[in-house]
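Input: structures, listed below.
In the two assemblies presented below, chain A is common to both, partnered first by chain B and then by chain C.
The block that comes next holds the complex of A and B.
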């Protein structure tokens, strides 16, 4: 039952990667840091239907090798899913505060 | 016999010296104990590496700290050891399990199309080797460099680079590698010329070689005159005590001797008592990865002021562009980047980032004696525009109730037209940048080996220009410093001091030598007109 309740609290968003070299080392570190600030499960993908990657794992994120111009899809499950998704998508839109 | 080996330019500059090959000693493989003991050994090895990285990162700032931060964050992710754990559970010793586990991550990045992702494979390999060295205790790489050597290797990892004691005059040649690698960025930050991608030939290099980090060329067995052009005056290994303290000429004139700083690591082993302050902070290296981060910039500037303990710290706003490109900030593909959108021109074109840097500098100015220096100034209107930005930043800080101060404002004299009209600019002090001023005044690009010798800092025309600027500044009572390689040449230094130069700023390794040379120079009355051209006429005889 609890799992079902959590599933109900799903939130989604997406944002385009506009920084020069995509989801490389520093942006990935920032993304995991923001994601770890939330209790919700947060996942990212480069297509709307996945495959989904744990946004709290730097190693997994580096495996995506998402390049500039790709759209990152974000989804979260859990009590703070909505704010988690907003925080992650905003970070991407802000170019990871890199410029 | 001279042999030219083409490669890819990764860090600019020229370096000549004897080749030293990177020797990677490999420790003995583990025989393996129980799975739980092997697991504990891996955990301990990772913790030890993490602690070492944390310690290194604490001494570094900007790009250098960010690279280590990436590796620390990787160590903190349990996903990194998931495969190794599974192998250990299956009875494989920790070292082999770790190598095999990391192999798939490294392969995944090596297979990327994007060179930036491929370059990250080196960071992972670096981490793999650091942990492996802990698991196989005698497996450290030899990192003792001969002074001024040219390091040759297949590839070089960031943490190995940061553990090495780089001397002025060193250079790097890599068989593989990439200009987009973190280690290339570090080499650029430390001013160590580097050529990558020369192929297997790196292993055959021996004896004297010249690394041309601008052209991406390695010359094996270069002709002596070519090698001499890359030669850097020898720097005494240890600073004699007599040379520290205030610098006085033989006839008792006080000359300020300050230091140039590009990274916080440059301050290692330098005491503020041995100089008169920081004459030049190259922020394009120091805050390279904090361009939009005001708090981080403030923290870095505050650390410089803390080190200086009341001595002045001269912070130059970003001098990017030209031969110091910054990804995502400077303009790429300019036809003539030295004459392009760079220095203050670029700051004025990017008011969003200029505002952030000015806010951080003004806030830092409340903490100690700080001077603000503008690079590549061409017209008085640019200084007024910068002053306008400073006033706006101050008004914003005042409205927010933050502590700040407006520091004295100075300009670099590197554009000949500006040097000849120095008095027209609304500034409080000047700093002569001899490297750029010489290449512009002599119309000889400093990154072209065939002609860079023409940009001689002792050229009488250049000296006349500096003499003119010094005269205008003296009339207005404004101090003039010089930050550039010219100050490290005894004859040039003597001429400049006789012309009335009041201070110099040099890289920390030159501090003791310059102070001791000043003590041997007799300035006499300030020479207000004539310039001794003898040295110049003799010195440039071999030019084409």
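The block that comes next holds the complex of A and C.
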């Protein structure tokens, strides 16, 4: 049962980047700020099996250079993992509130 | 985390336009949650840096969490060091000059600070820029 509890603390989601310039500077800042609001470790990837990038590190997130049309995969580990991936994926789905 | 002091950011350029332009980018991209001060030029309005003006900027952006300073070229760093020396001893230890490009470093530092990170983590975020290129 302990193992099951541990599994429950991992959460995943994904969302397509639809904003015109992709994951550029301003969206990256917003993503990092949202991620920092959670205790869970949150990671981003452009493929379902990684490589994974720390969503709380602006420098690393900006290095992904993801473009419009790419899908961003989000995974989190920790007590608030579920709400963390939802918050990050929703931000991507909302075009980072840029429209 | 809300309500806790956030690390301040001071931008020191030889040009007040560069400093203020950088601060504009920080405010627009990161927001207003981080204490921020931009300083540049000499008292006559020309290009240069000035210890008095930097000292005043350090006081404006002072936070109990500390202050991260971003500088451009040579004199900006040495004059910032002298300005830090003029701060009260209890505050000096919590002011660091980041080894990072001024514009990008200010954005990285302010973003890290806005999330409530302590001074050393803020500094590391700015300096990580150089490490990975």
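The definition used in the following text is that the second predicted complex is superposed on the first by the 91 of 99 C-alpha atoms of A that agree within 3 Å, B and C clash if a C-alpha of one lies under 4 Å from a C-alpha of the other, contacts with A are read in each partner's own complex, and residues count from 1 in each chain.
Rule of thumb we're sticking to: contacts are C-beta pairs under 8 Å (C-beta built on N, C-alpha and C of every residue); 3 or more make two chains touch, one makes a residue touch a chain.
Keep in mind that this is a model prediction, so the values were computed, not measured.
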Report for A:67: first if it touches chain B alone, second if chain C alone, otherwise both or neither. first
For A:19, decide between first (touching chain B), second (touching chain C), both and neither. first
Check the residue A:93 against both partner chains and state whether it touches chain B (first), chain C (second), both, or neither. neither
For A:59 in the superposed arrangement: first (chain B), second (chain C), both or neither? both
After superposition on the shared chain, which partner residues are touched by A:29: those of chain B (first), chain C (second), both, or neither? both
Note: overlapping chain A surface for chain B and chain C spans 25-26, 29, 32-33, 57-60, 63
Chain A contacts chain B in the complex at 19-22, 24-26, 29, 32-33, 54, 57-60, 62-63, 65, 67, 97-99
Of chain B, residues touching chain A in the complex: 66-67, 69-70, 73-74, 76-80, 105, 108-109, 112-114, 116-117, 120, 123, 182, 289, 291-293, 327-329, 353
Residues of chain A defined as touching chain C within the complex: 25-26, 29, 32-33, 36-37, 56-60, 63
Write out the stretch or stretches of chain C touching chain A in their complex. 28-30, 107-108, 111-112, 114-117, 125, 128-129, 132
